[in-house]
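See structure below.
First chain written, first letter: the chains are A, B and C, and each begins at residue 1.
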């Protein structure tokens, strides 16, 4: 997932469904609310957790969800079939259901824990799960152009037929995805048309959040503002663009019941203000990754240093080459640029040391990472020699694009420009934030640029999320920003993707071979690996049994689990 | 009088029509394509074409402009596909905060400007006049976001006197003060020079001759009459004020139209930028109309032939 | 806008003592006005800095010096040693003083060019409207009224933000193209006042053509007022550019301007206050200089306004 650039947040594979949008955006019958989902609870005593975001919370509807900010409340409002182990971030564990899987990886059977209720008292059963999956994969779930993340479930049998049928999900368990079958209210079977090792990971995404079918049917496309799930918190009030308040869900079934009376999520508060408010105690939690300006204060204030937490998450920052035209269709030139950029200086100056020099597309935490691959060292002389060898005429003029919405990005671009100048490459900078320029990588297959700054925040801890989404042919002109490709690489990754999870070892081997190709071919300029960090008030520290602080976070996108935080106040 | 009001009314309608046309045509130049937003990056050309047809984007420009006029007349500023909300409802949601801040900001400007302006005029060319005039020039020379950030840091954070941004009654003080400090200079000048002008008039001399206390002469006779140009300028100043608010709201995360515009710029959101510009420009034109009409009733010196 | 108000009423400069030429009178009045001279000095110094930037900047403003930050990557405070990050560095390890000096270039360029464009358009429209009168005047002034009714900064933002691949020229063109209306108004007023003066009538009687009358007789008469207004507008345009930079739609990267320096500095103002203090001061001095100069010119042109 790419933050900040909202149009880039979709995964790559499928497509985003298309249909005529207008047909359904007209008459929404004014649904009469019959006490449904509006049970007023007395706020219990206890402290309030307040946090803030620089942007809007866009939606609470899994069928509209694309952005990271919305995950904060959504993770608290909804449950999913499976989730990530709080202690070991990347391990999938049961959430509302345990599961069996056949050795070929094609048939999953989920046993839903009995007695789970939505916050309004409706039962959460296999029908609700099927409805939620049908809804997010249907072409017209809410009257928009299809759920942005619907294609993440394209391995399920009957996905294509259901998606192209244009029908709406039905709460009675009929129709919908052929591969999702309600056996009985506590048992759900999912059949895949092809093995998919990371299938369970997709069920932990917020697009697979389980919604209350009754409420979803009642409110249709306005479900977002009336969201009902079975998570530890429930929606209390939401002044869109200002702030959202969540209160504990009285019906919550899980072991980690919230220890606070309220969770307040403030929207549209700038980074600068967030930090001031945190220092003054108005905010209890400032989520990351922190900007360098914020981190600079952490470095210079001993008190803040104490509240600073480095918490996992896998983020890669890299420069994509436009490989569809000279000069960067030549691996020698790409290698030269890799040698010419001093990544260590970028890490020091742009992130104040919060990074690790990158050697290959996968970050170290992902199975498939090859520790034997070394980063390209900073060696301008070698770079010049490679340029000469490639027969490039200097000075070489290229255009670099980058999102100019944060100072850190702008400064990175300027630093890259400076460093490439040393080897005779003239970079003209083109910041992408002004109206009128879509991220040209996504929108314009002609690609009027040579280098693009970009980043990737993992969706789930599987090599597929990086290698397939960022470097395969299927992702051309989309998340494969520079259209880099290599036949052997393509073969290896496709093969690894078709293996079930039971053959993980073989997958890792295939991915490692693919990694070597990407490294040697210099598919990108490998800049650095980053991670999430956060500021947390002393009274609200992560679970004491989990000193690493991972417990606050839900892999893979590292949104905090406020219900698990211990409270000393 | 009636004729004057009618003329102003017609003129306002023409101006608003021009505003709508200009914003529409300028925004038309934005290659941000709603069809693309809806369909996502992987859509086929056929899909895009069909969505464009459904949205009416394939019609000729002039026809679309006419249709857009019709739409606006029905109070519909379009649907924003990026934010997935109607443009007008987003604007109306943010409007109260901006109006609130604008009123507070003007109050601040006047609170600063009136004492300084009066003193500067009464003791003209004294050191106090020189100092206040220079100080107000320095005020106008500073960027509002610079002043705002420093106020936020020193009065808000270190002194802890005011909330750190956000929408609240005490929270309005700092943003209003930022606008006030940078905008007051103009009012100081106007007030000073109009006071000086009034002071020369005969009736002031008469009042003095009658032995009225200087304080009464200044406040009741001079100041009151000198306020007229200040009020006039208030009306003219609205557009400028709004520009300042765009920047100020961003500094203080004040949830008004300016913050909305900032997000629209960042999100490549043509529909919202167009709606915001059009709405605020039209609002200002209407406000000017109201000021003029009220003024026509109040000030008998203006002739409306 | 502030500058609007400083414009003297349309009136010919009278009250000249016969012993001195008008020009000498003007100069004498101007130089007797302390603040005005101070403004002139400020403006001259800034222009000199802008023009001589490549020669006086101690370091390359764009170079990211590895020793320009602490080992943790934090910016350095002022060292007060010329050529050694005199006024400190920014978080990328660039020299603030050199950026400030080069920033003067961009700020001055935008300020002057935008004003030039605005004044050129405004003069043309004002002269034509004022001289032609009748329908032409009516139409032109109605258009001017519409442009005046537009909230200036909003339309600058709108117009600027639809342009991809901007240059510095884009920025000043946008500001200039939207800023001509006040000049047109003022010019028209001056022309109307001057039109019936004897020398214009005399020129007409002698058979001078319209263009010639506009060019030779009306323009010089109007110019004084317009120069005053333009001087004040420069200050305002410099501030407008900085506001655009603040909204991240200013001059393109990596070009450095004071507005962009402040914008970067605002993120760091608690840890590195020098990042906003210097460019803020520079901006304030520039704006102050042009305002004082404009006021002084106005007073000198128009002695009665001097109180």
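Here, contacts are C-beta pairs under 8 Å (C-beta built on N, C-alpha and C of every residue); 3 or more make two chains touch, one makes a residue touch a chain.
Computed from a prediction, not measured in an experiment: that's the story for all the values here.
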item	value
Pair joined by more contacting C-beta pairs (A-C or B-C)	B-C
Label of the chain whose CA centroid is most distant from the centroid of subunit C	A
Geometric centre distance via CA averages, subunit B-subunit A, whole Å	40
Distance from subunit C to subunit A - Cα centre to Cα centre, in angstrom	47
Chain centre separation (subunit B, subunit C; CA means) in Å	22
Junction residues of subunit B - those touching two or more other chains	29-31, 149, 153, 250, 265-266, 273
Touching two or more other chains - residues of subunit C	161-162, 164, 248-249, 266, 269-270
Interface hub residues of subunit A, defined as touching at least two other chains	272, 405, 433-437
Of subunit C, residues touching subunit A in the complex	62-64, 66, 69, 71-74, 91-93, 160-166, 248-249, 252-254, 263-264, 266-272
Contacting residues of subunit C [partner subunit B, same complex]	1-2, 4-6, 35, 142, 145-146, 149-155, 157-159, 161-162, 164, 235, 239, 242-243, 246-249, 259, 262, 266, 269-270, 276, 280, 283-288, 291-292, 305, 307
Subunit A to subunit B touching residues, read off their complex	6-8, 10, 14-16, 18, 20-23, 25, 55-56, 58-59, 64, 144-145, 148, 240-242, 266, 268-270, 272-273, 276-277, 279-280, 282, 405, 433-438, 442-443, 477-478
Touch list for subunit A against partner subunit C, complex	271-272, 275, 291-293, 296-297, 299-300, 345, 348-353, 404-405, 407, 410-411, 413-415, 417-418, 429-431, 433-437
Complex interface listing, subunit B residues touching subunit A	29-32, 36-44, 47, 50-51, 54-55, 79, 82-84, 90, 93-94, 149, 152-153, 156-157, 160, 164-167, 250-253, 255, 259-260, 263-270, 273
